[in-house]
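Some notes on the structure that comes next.
Per-chain residue numbering starts at 1, and chain names A, B, C and D are given in the order in which the chains are listed.
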């Protein structure tokens, strides 16, 4: 049985770590989940011990280097996450998934935005709204599915947008994609200096829109925008109709919180009623 | 297109002939229509060679020379003979390898010139040779407007590549149901390429010339009304074809009566022959057992069935021989999957005396394109623990069960349906390789399902 | 497979140790082979993770990609690999000798050639794809890579192609050549595990083959020989280490993370490294078969011509796929190589010959009668055509008229005159007519005609030279095969194709 | 609940059943002759757990890297209303531009309840089958159901059914690469048989509205092209796979007879203690397993979780050496028998006469040749 031995040498710990890993693999293959869990805990302990042991050694050897290492990484987020997300969403102007939001942020704004931080965001915003409605200038909300007015999987929107924009019908994903493409194109055009990230983002849009892709490796904003508009014309009207109808239903059926974050309660009922 | 039934065949005898004639005419018309290539699929015994000869003559008449390509010297001699018989005045060249000795049926024709050098055949309207021989001609030493390729489904893509320079247009005739060409090399390197050299000449042609018209000969003159349903359903599931003869138009009779059930074995043999005469199909089932390929019991069963057939002075009555003709040893074949099986059966036959010397015993590969009155088949899956791709190959079973004019007797150990159901289907799938139909496993299922109605227990 | 090899497996199973399938070695073993064991990252398209490589058993070189999903690190790996592989290969392209190439011409051929040993066919597949992903790269402009990378790509592609060629041994898969010489007591599928196969042939000290084979399946004792890694290792060891490498900031931490990765990966590779050199030693210990040298000459010729292709001319990379003509031509090469490889093995090795005696294409027996001075007077001039009668109990299928050669008398043509089947249990009597290899006169030189009582093995497999089949030129590809293709020049997208 | 189901539940014991999924259904075709596997699957026994508990853990796991890559690729292809997929379908299959409608069926009203998702799937797809216009094009993660051996199995395809020229097509997204038009033929085969399962299920779902004919037997495989992340589409004709599947599914009623053949006591109960360790001793589970006849072949090592147990059991058989080996040994079942016949120590019976003759010839030749060595 492993006892925490901060004192023991990195070498000893290394060997210990190898042993533990082997043991874990044995347990895993033998399907012994309990044992594996326990061993993993020990492994984590051993690893952190090893880290501190080695760090200690380094402090002894080269203090300067150690300070370097421990110095906090420069340039943390200038804005809170919700601000960064708001910026990005406002730029594309449509409900978007975290992947796209991060890509847009990296292309046009400074400071790192970590995708993982977005996962809990919607829940936090909802909690804060329910505790103190409209206390904030805006909330990051769900997009609603047109059929059941339930929160659409993995999409973020802004509370200040009209419901029509936050409701997602069958055609909306494509429509919003094209709209976003146009927005990104015009932002790229307005950039004072070309940015590799922005170009790559625009390129990724271009390849998936008929007629938007030039021969070369760099996409041209004008062309992308024009092509996107062209396809948009095909879907826009029908999509609008859907969204308006759905938005109307939402206003009729849902309270404020529901309109912002979607209805979960009547979900089942909704599905059934929709089926009848 | 529905697979034919005895009924349609019965009512269709008159119309079958018309259908066949029309199909052939359409092919000849195609030849005049400036297509680069024409493909004709021919089910077993549907008059393939007749068509080849007719087409060759038509093209020669339109201004030859015409090159005719066959796969084996046997086939070449056969076509040469047919051409010469069809029009004794037609100058036919038989291009051969050095040191080839003309077979009697070639040598007897005055208008046929045999030579190893194509230069000496310059005046011939039609020149016949094996694909292998054609392939040896240097570029430019021979060229013609039209080639007629026989057994095109047995010719490999790379062989076509080697001879295609000799002609501008070509008629490809063959039976898609028979064995595919094969290679001793087993690598995926070319899988998915439209010019994969391992595929058949027809496949490669069609993949590069999709506009090519593909005709079908709709009527089998070999297979009887009883034989067609099984063969068509199992091996030509999408096209199907008709029998040229009506039920009852063909029958077998025996000079001597069957022995009663004593002795038991002979009893079973006679029961099998009787059923063969009545229905055209027999599954002669041996007790279940896992055996080596050369399963002595099965080998003896095949030999004894042939022996008994000859002993009892079997007579065959058909549209060609209304007065009846003896089904002698020469009209009987025994088909196997492996060479050692054929060898074992030959050994037993030779022990049974000279009367059986004439019986043809060979593997499916070598029986391709041949015809007999009665064919005895040692089922490729008989006595096996489990199947392999080789033993399941649809073409193999198709060849074995479609050589006969009167009857086919399949000898097999019990248990094949179970084997098929337990068969692990784990063949690899390659991108951009068209799936082959019929699938061997499926075809085998169909055949066994059909044969189970004609079972005789040994 | 055949009854003989099946029987050998059964014997191995029952006897608890591998059984020989060959009495001689059927491949050349170079003096200084290069052992190359690559590992790939699961889930990715042939993404290199690590490799152990070297031409000395006691100094393996470990290459690691710390962040396998990073394109630049992959190309860095390729460059590093190139700096090991390319010098090794080109080191043999120095001393040349002149060999006759027919028609009085001579062609230079390098005295020595490289030989690369990899664990399995799967590893060779990895090398092939690594070659594919690097040979088209550009060394200038956008997405430029190290100059060595495209050269490596060409070489790996060349070797992988050569490895499809029956009997070639420039690039060899250990499991394949081992199971060509030994039958284990397990299934062919289990033989794909190098450790398990070696366990049957040469179990590590103290263990029975069965115990060793069982142990060989424990990825903790015997990590897979690659390119696939053990999922357990991926999840419990590799993933945390790669994450740690990703998180590490500061030179020291980075170094630590790298060291940890290297340690873990070399632990995965070292056991296989040892197995590879042991299997080479095992094979080396066998006496070489008679035709091994001849096949190695062909390998050297192939190596020589590729070197000169790279040196003079633009040395374009191999195309992505074979064209119609190239494919057909290659197939016919392979088929001919296959046939002669099989025949050569049979004539070199009684155990290989036994396969053909089983199938009846060869037979062995004693000479029971001989007319050494028989003359053929049918022709214009009399010729010496001795006849001998051989009795055999082999199940032969060869028929009258078949051409044969005796293993011990390769220069002498023999033709079957008649085959008299003996009764049940009786031997078969084969009458054979001989021609050639008996001197000029009408009297056979002593010893040139087999004498009564001599034991002979005759085989119907053609051993001699097979004529080369000719194909149309590529630019004359016929319409049946899509017509002349557009010449395959490496395009931009090949060069910049992302590797992620 | 039918008598058979009752028996099967009894065999499985206190733990909830492991329902069939596309993989296990596809596996029906990989060794259909194996009663052991058939029954364990029918009873919904957790095979990996059982094998481990019986002392023979399955030799394979899944690498975290492979899983991550798989999910990432699928997410990428489906991102932004399947933008990349739409491009492929448009460029390579001529999907008309207006056809972009996208329905997410992975969640219904923020709920993942299977019944809810299935009824929603049925609702949308039947509507689509009914009307031509405005009926939807892409359906993400529809939840289908298929009856397997009398039990309903939900199939959660990582795929999308879409409509092209009035027909539904199944799209299978896989993360193995197709390099210069070639992909691992084993993996493609697996993808084909799995897609075939979905085709069957989709046909069953639409059959009620007479729409079975609306499902194409050509499916589309989406995988990364060459060494990049760029997706490409390939057509797969799954008619063969469908025939095999239909046949094997139709054979499953034989389970009922099989079950009857076993004593009532037989149980594979994996109920675990608090530590997650099954309560029943390994030996007991092993004995229970041994009562089910298996059809072991080395190929099982790549596909079945119980393989190590079966291999150990089959040690003495020729089948353990490979199917061709057994065939080459004349179908003799046991290694010792084969060797006995070969050496002549064993008197052949009616079944083994032929085999004996061949084996003896082979033995003679090996001996002769090895002797020739010296």
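Operating definition for what follows: contacts are C-beta pairs under 8 Å (C-beta built on N, C-alpha and C of every residue); 3 or more make two chains touch, one makes a residue touch a chain.
It should be emphasised that the depicted structure is a prediction, and the values quoted were computed from it without experimental measurement.
A.B. asks: Based on Cα centres, what is the most central chain?
C.D. replies: Of all chains shown, the one whose C-alpha centroid lies nearest the global centroid is D.
A.B. asks: Per the definition at the top, count C-beta pairs in contact and tell me whether A-C or C-D has more.
C.D. replies: C-D
A.B. asks: What's the distance between the Cα centroids of chain A and chain C, rounded to whole Å?
C.D. replies: 51
A.B. asks: Report, in whole Å, the distance between the mean C-alpha point of chain B and the mean C-alpha point of chain D.
C.D. replies: Result: the chain centres lie 38 Å from each other.
A.B. asks: Suppose each chain is reduced to the average of its Cα coordinates; what separation in Å results between chain A and chain B?
C.D. replies: 65
A.B. asks: Where in chain B do residues touch two or more of the other chains?
C.D. replies: If we look for residues of chain B contacting two or more partner chains, we find 193.
A.B. asks: Can you list the residues of chain C that touch 2 or more other chains?
C.D. replies: Each of 232, 235, 321, 395 in chain C touches at least two other chains.
A.B. asks: Could you list which residues of chain D touch at least two other chains?
C.D. replies: Those would be 61, 181, 299, 324, 326, 330, 358.
A.B. asks: Check the chains against each other and report every pair that touches.
C.D. replies: A-C, A-D, B-C, B-D, C-D
A.B. asks: Within the complex, which stretch of chain A touches chain D?
C.D. replies: 28-35, 97, 99-100, 145, 148, 150-153, 170-174, 176-177, 180, 207-208, 210, 231, 234-235, 238, 262-264, 266-268, 270-271, 274-275
A.B. asks: Taking the touch rule as given, give the residues of chain C at its contact with chain B in the complex, in rising order.
C.D. replies: 164, 321-325, 327-328, 330-332, 334-335, 338-339, 359-360, 395, 397, 421, 469-472, 476-483
A.B. asks: Considering the complex alone, what residue numbers of chain B touch chain D?
C.D. replies: 188, 191-193, 289-292, 294-296, 383-386, 388, 421-432, 434-435, 437, 439, 441-442, 445
A.B. asks: Enumerate the contact residues on chain C facing chain A in the complex.
C.D. replies: These residues of chain C touch chain A: 142, 219-220, 230, 232-233, 235-237, 240, 249-253, 256, 263, 267, 496.
A.B. asks: Across the complex, what residues on chain C touch chain D?
C.D. replies: Per the touch definition, chain C meets chain D at residues 1-11, 13-14, 20, 23, 41-46, 129, 132-133, 185-190, 217, 229, 231-232, 234-235, 238-239, 320-321, 350-351, 353-354, 357-358, 364, 394-395, 497-500.
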